[in-house]
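The letters A, B, C, D and E name the chains in turn, as written, and every chain counts its residues from 1.
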Amino acid sequence: MNSKVADRIATALLWFSGILIILLLAWFLFRILGDGLRYVTWDFVTGKPEEISAGGGVGPQLFNSFYILFLSLVLSLPIGMGAGIYLAVYAKKTGFTNLIRISVEALSSVPSIVFGLFGYLLFASYFGWKFSILGGACTLALLNLPVLVRVTEEGIRAVPDSYWEASLALGSTKWQAIRKVLVPASLPTLITGITLVAGRALGESAILIYTAGLSVSRFFPDFNPMKIGETLSVHLWYVQSEALVPDAKQIAQGSAALLLIVVLVFNLLIAIPSRMIQKRLSGGK
Amino acid sequence: MSAKHKIKVNKLNLYYGDNHALHDIEMTIESNMIAALIGPSGCGKSTFLRTLNRMNDLIDNVRITGSIMIDGQDIYSSETDIVSLRKRVGMVFQRPNPFPMSIYDNIAYGPRIHGIKKKANLDELVERSLKQAALWDEVKDRLNKSALGLSGGQQQRLCIARLLAVEPDVLLMDEPTSALDPISTLKVEELTQTLKEKYTIIIVTHNMQQAARISDVTSFFLNGNLVETDKTDKIFTNPNDQRTEDYITGRFG
Amino acid sequence: MSAKHKIKVNKLNLYYGDNHALHDIEMTIESNMIAALIGPSGCGKSTFLRTLNRMNDLIDNVRITGSIMIDGQDIYSSETDIVSLRKRVGMVFQRPNPFPMSIYDNIAYGPRIHGIKKKANLDELVERSLKQAALWDEVKDRLNKSALGLSGGQQQRLCIARLLAVEPDVLLMDEPTSALDPISTLKVEELTQTLKEKYTIIIVTHNMQQAARISDVTSFFLNGNLVETDKTDKIFTNPNDQRTEDYITGRFG
Amino acid sequence: ACGKTDNNTSNAGGTQTQTPAATAPATNAPKEAPKSEEITGTVTASGSTALLPLVKAAGEQFMAKHPKATINVSGGGSGTGVKNVAEGTSDIGNSDVAAAAEYADKGLKEHIVAIAAFALVVNNDVNVESLTKQQAADIYSGKIKNWKEVGGKDLPITLIHRPDSSGSRKLVQQLVMEKTEFSKEGVTQESSGAMKTAVAQTSGAIGYIDTPYIDNTLKALKFEGVAFGKETIKNGTYKLYGQERMYTKGEPKGATKAFIDFIMADDFQNNQVEKLGFLPANLLKK
Amino acid sequence: MRYVFVTSAVLVSAVIFSIIIFVGIQGLQTFTDVSPLEFFFSTDWTPSSDRFGAFPFLYSTILLTLLSVVFSLPLALAGAIFMAKIAPKWMREILRPATDLFVGIPSVVYGLVGLTVVVPFIGKVVGGTGYGILPAAIILAIMILPTILSISEDAIRSLPGRLEEASLALGATRWQTIWKVLIPAARPGILTAVILGMGRAMGETMAVFMVIGNSPQMPKTLISSATVLTTAIVKDMGNTTYGSTWNNALYLMALMLLIISLLLILVIRIVARRSELK
């Protein structure tokens, strides 16, 4: 009956771990939101930052976060999906595709600080863009590429072969089959991937310090992509480490809470349509 | 002479890499007939069927020699447009494979990719195809629901309707009923009988009763060889080849 | 009285959520017999088999009423120890499912979890079980190789040997040969004949020839109902129920 | 060496002027009749965190005066400022110390904009009021590890450093440590502000920051018995100060020039600099 | 159309190659001024006096990475087993999105919590400043927990159900089944999870930067100020001139990071291939 006791103890321990993880996560949320939520006022979210006195907002930083995210997706989605489709559909098993596959894996393992160095030298310095929203977006796009390639490939591979065959057997070209059947059917996976990428882009700091800079345009919103463009995550780090404004700690905590809310909302916003698509695709089953 | 045959296969050999899967196949198939392909598992029935609309082109390392003439034209010649070949020679698969879209969009898929955009034309085509596939009455009220919500048998008829909407003239069917229940099977079998008035149908089946029930001619494959082709009656009562007889009477397979 | 029967099933009903999958099943099975369960796909054969060692407990939303007595003890009573029930009532599955370990470790797995630790005892048990399962000669030189390297038929016999090593007295087999080639099938069938001297065997099969060849009694299921149970000879030559006759002569299914 | 080609020089101020005018939404800037000498363009300044309060304040005042000009100021440390201006990623590099020798041939132009005193600061729980130069050097080189060795209570010393990029650190090296090396013990903080927070929060901590940062959360030590002040610096008894520099790549142009001129002008020098806790650039010359 | 796809794929390859070449060339120039022996084995990092011993950074990186995995793995694995095999459905439906959310939390936010909660706490309990490898490892352990957990869970969940059935049908308890059959069978997946977690821990920069103390020395204890490769790069990259020995040395550290990451990927591939062969 020894094994039964062991079973019971193990089960209890596993339950304990599960609960501990939930508690840990809850504690984390509580900490961040509990410390920061009270600073997240409308003025804080939309206001311009103050350089010296207390009471500055993070409006431009929030705007830049989304603007850089948007630009980086515009840049990386076509290439990432293109490469993903190539690997999933066209690529036969050759040295060439193997090389590409290894490249994607290698690229996804590159520490973000290395991307930061690369982006700084290439965009800020060599292209002479200085610290700019565009430079940040381009570097982020590089960071995102491997994730997008992978989710596209996985998404399309997960689509049953039969769809592909059915479409071709109806006399479609490969491109028609990809566009009208494969990509729509893999949309939920793609959307999940995009959420992942967006989360990374919103949270990235090491890369952007070197490419997008540490301050913001005085105009808000400023759509000029060549302007310096500190994002919210970078601001959080910078403001607490520079600590020049008297309310630096509050701004940092408020930014942390705001970032968390943004990530949460983003997840929700994307999860809902993705679930709806999923439902439609599976015929409500 | 040869133009009189709908399909004429000449010394067809197919290799999957080193695996010689079809040996010197010779066959002719006439219009408005149902030809059944039978044989034990792995004998090359599906492989042969898929050479007829060049679906094997999708597989790496496939090598083909010999020729297949459809309407007097060699489908393996370099001039052949594979896309329009596949439009003419449609295929139904073993497992129903509707797209994850509405019933309507499934049927309209083929016409749309071939350039029909007008709603009225599409509506008419969808209705006609579904009627031809004996599915219209069952689905006419739910055309905008997902096709994946249909039962297996309905899905298979939907796939046939989807095919009919691109107006092929040859239909290839690879064990189209093996995933279906008996009642759905019956419906699909009945459907083939009405379709053969307009189409040439080639059907692979494991079920010898089915071959006997629905086909006009039957070909028996064994280990990549075509053992014999003959009138279905003849094959099932008095085949020329001993191996055919052994197979049909259940002595192996 | 009832203690004389090895297994006695009383008014057994099983529901998967709302789906009433087994209706008032009544059955008795004696020791040292092979009982075959036949019936069309989806009729509840596997479901019934799995009630006998409570494998259905793993599935959410399963509800069971009625009782099953094995050796006079209700296996669904609250006192029953499921783990030791499963030790007594072993199961072989449709697809061979060896663990990704060595052959030796596969066989020794059961004894080890039941507390046998001594190398000598285990060695002996492994050898005896493999011999019983007619696999010893084929694998005795590669006991430390992965079991996944065996052929399908060998894997299935390995699974049987693995079961025998825990010394059950009832063997449940769910289509144990349907994934196997004819020669492996034959070996497994022969094995059942030698095993029945020591065990009570209940086997689900799609293959009526197989049921006829190996079983002593046969039960015919249809739509979750047990239509009839009788001596196998009787069922296959002169069944009581018209539906059984229809099924056996291939009129449906 | 791809980064620092001549396109950077042209970037300093002048060429920038069109970009914002072309794309920045004009609606945000108050509509004014275009003046003939209206200043437009973006100036980015980075570097010394010691000088940061002054540049940020100057930037705000400048922008208030010139609604179409943007001054972007960030820290990073003096080394960062010099590097950024040399490589063309900033228009102005702020520094507490003269640019390192390696920048000699980069065509950097120095503008001394203020004098800044700095002080050795300690946590409020340290009961030492003054350190000699030798004591300070021994503490920062790790020779002295406890406050009791310099007359305080028994409390271990925690060193708070600035990174190598810091001008303040270089000043301490030059003025206090001379040839001795900094100990590697202790914690390194990114900026003057962070140094202040760390010293204020860590028991037994010592650090160094510019005097504009000093408030009652921590304690400034006398150096060689002298407290910092305008007079003690002027008369040469308080030795811990630096000349604050703004570097440009070549002669400043456009908005950059206007901004530096604004800071150097008497109005700012006489009325603002001291208010911000700094001393005018010409203090020592007077 | 095909060529568009090929071009995209080639582009992706080009990116990684240009990064490797670029960082490689720049980094290797260090050796014109610094001997490899000094760079890799000296513990004295005083670039202002031309002493470039990067060993402390490498050492701390490895120590920190291993420590975070050691902290994270038991809980992550237990959580994965719990989610895959034990948790009721409703609980799984809380845990899954919760872990997903935690992957999405920006690293600076983790850093901030480390700085405002963990560092002061350690300072209070153990004494000292509270900065060092320990708080960094705690924060990283929380950061990589969801990564390890969800990949391991997938690995366990994707095991064929027949393994579990086979074990239970032999009279094994659930725990015996999990411990003796499922975990060994899922080992390649779990290993992959651990390696990916290691990669993430090793590459993390800002969160570590905020809590590790940043002294360029060999850490004597887990709560003495230290520097890892990533933070060494961030700390000085901004203020060293391109082409200087110091700057090159930072690129060499980036190259080391890159090489270690690539090696980890290689390990994953080998693990994957081995489990495929089986």
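Just so it is clear, a contact is a pair of C-beta atoms (placed from the backbone, for glycine too) under 8 Å apart; a residue touches a chain by one contact, two chains touch by 3 or more.
What you see is a predicted model; the values in this text were computed from it and never measured.
Visitor: Would you pick out the chains that touch chain A and also touch chain B?
Guide: none
Visitor: Indicate the lowest number of steps between chain A and chain D, counting one step per move to a touching chain.
Guide: 1
Visitor: Tell me, which chains sit next to both chain A and chain C?
Guide: Touching chain A and chain C alike, sorted by label: E.
Visitor: For the Cα fit of chain B against chain C, please give the angle of the superposing rotation, nearest 5 degrees.
Guide: 175
Visitor: Please list the single chain whose C-alpha centre lies closest to the global protein C-alpha centre.
Guide: Measuring from the global C-alpha mean, the nearest chain centre belongs to A.
Visitor: Look at all chain centres (mean of CA atoms) and spot the one farthest from the centre of chain E.
Guide: B
Visitor: For chain A and chain E, what's the span in angstrom between their mean Cα positions?
Guide: That pair's centroid distance is 18 Å.
Visitor: What is the distance, in whole Å, between the centres of chain B and chain D, each centre taken as the mean of its C-alpha atoms?
Guide: The separation of the two C-alpha centroids amounts to 81 Å.
Visitor: On a C-alpha centroid basis, what's the spacing between chain B and chain E, in Å?
Guide: Spacing between the chain centres: roughly 54 Å.
Visitor: Between chain C and chain D, tell me the centre distance in angstrom, where each centre is the average of that chain's C-alpha atoms.
Guide: 83
Visitor: Considering chain E alone, which of its residues make contact with at least two other chains?
Guide: 172-173, 176, 238, 242
Visitor: Counting only residues that touch at least two other chains, what does the list for chain D look like?
Guide: In chain D, residues 3-4, 76, 87, 189 touch at least two other chains, as defined above.
Visitor: For chain A, which residues are shared contacts with two or more other chains?
Guide: As it turns out, chain A has residues touching two or more other chains at 3-4, 121, 125, 240-241.
Visitor: Please list each pair of chains that are touching.
Guide: All touching pairs, sorted by chain label, are A-B, A-C, A-D, A-E, C-E, D-E.
Visitor: Can you tell me which positions in chain D touch chain E when the two form their complex?
Guide: Those residues of chain D that touch chain E are 1, 3-4, 76-80, 82-84, 86-87, 102-103, 158, 161, 163-165, 181, 184-189, 201-202, 205.
Visitor: Quick one: which bits of chain C touch chain E in the complex? Just the residue numbers, please.
Guide: 53, 55, 58, 60, 83-88, 90-91, 93, 95, 97-101, 109-110, 113-114, 146, 148, 159, 162-163, 166
Visitor: If we count contacts the way the header does, which residues on chain A are in touch with chain C in the complex?
Guide: That would be residues 2-4 of chain A.
Visitor: In the complex, go through chain D and note every residue touching chain A.
Guide: 2-4, 7-8, 11, 19-20, 23-25, 28-29, 42, 44, 46, 49, 52-53, 56-57, 59-60, 63, 70-76, 87-90, 189-191, 193-194, 196-197
Visitor: In the complex, go through chain A and note every residue touching chain D.
Guide: Touching chain D: residues 51-52, 121, 124-126, 128, 130-131, 213-224, 226-228, 238, 240-244, 248 of chain A.
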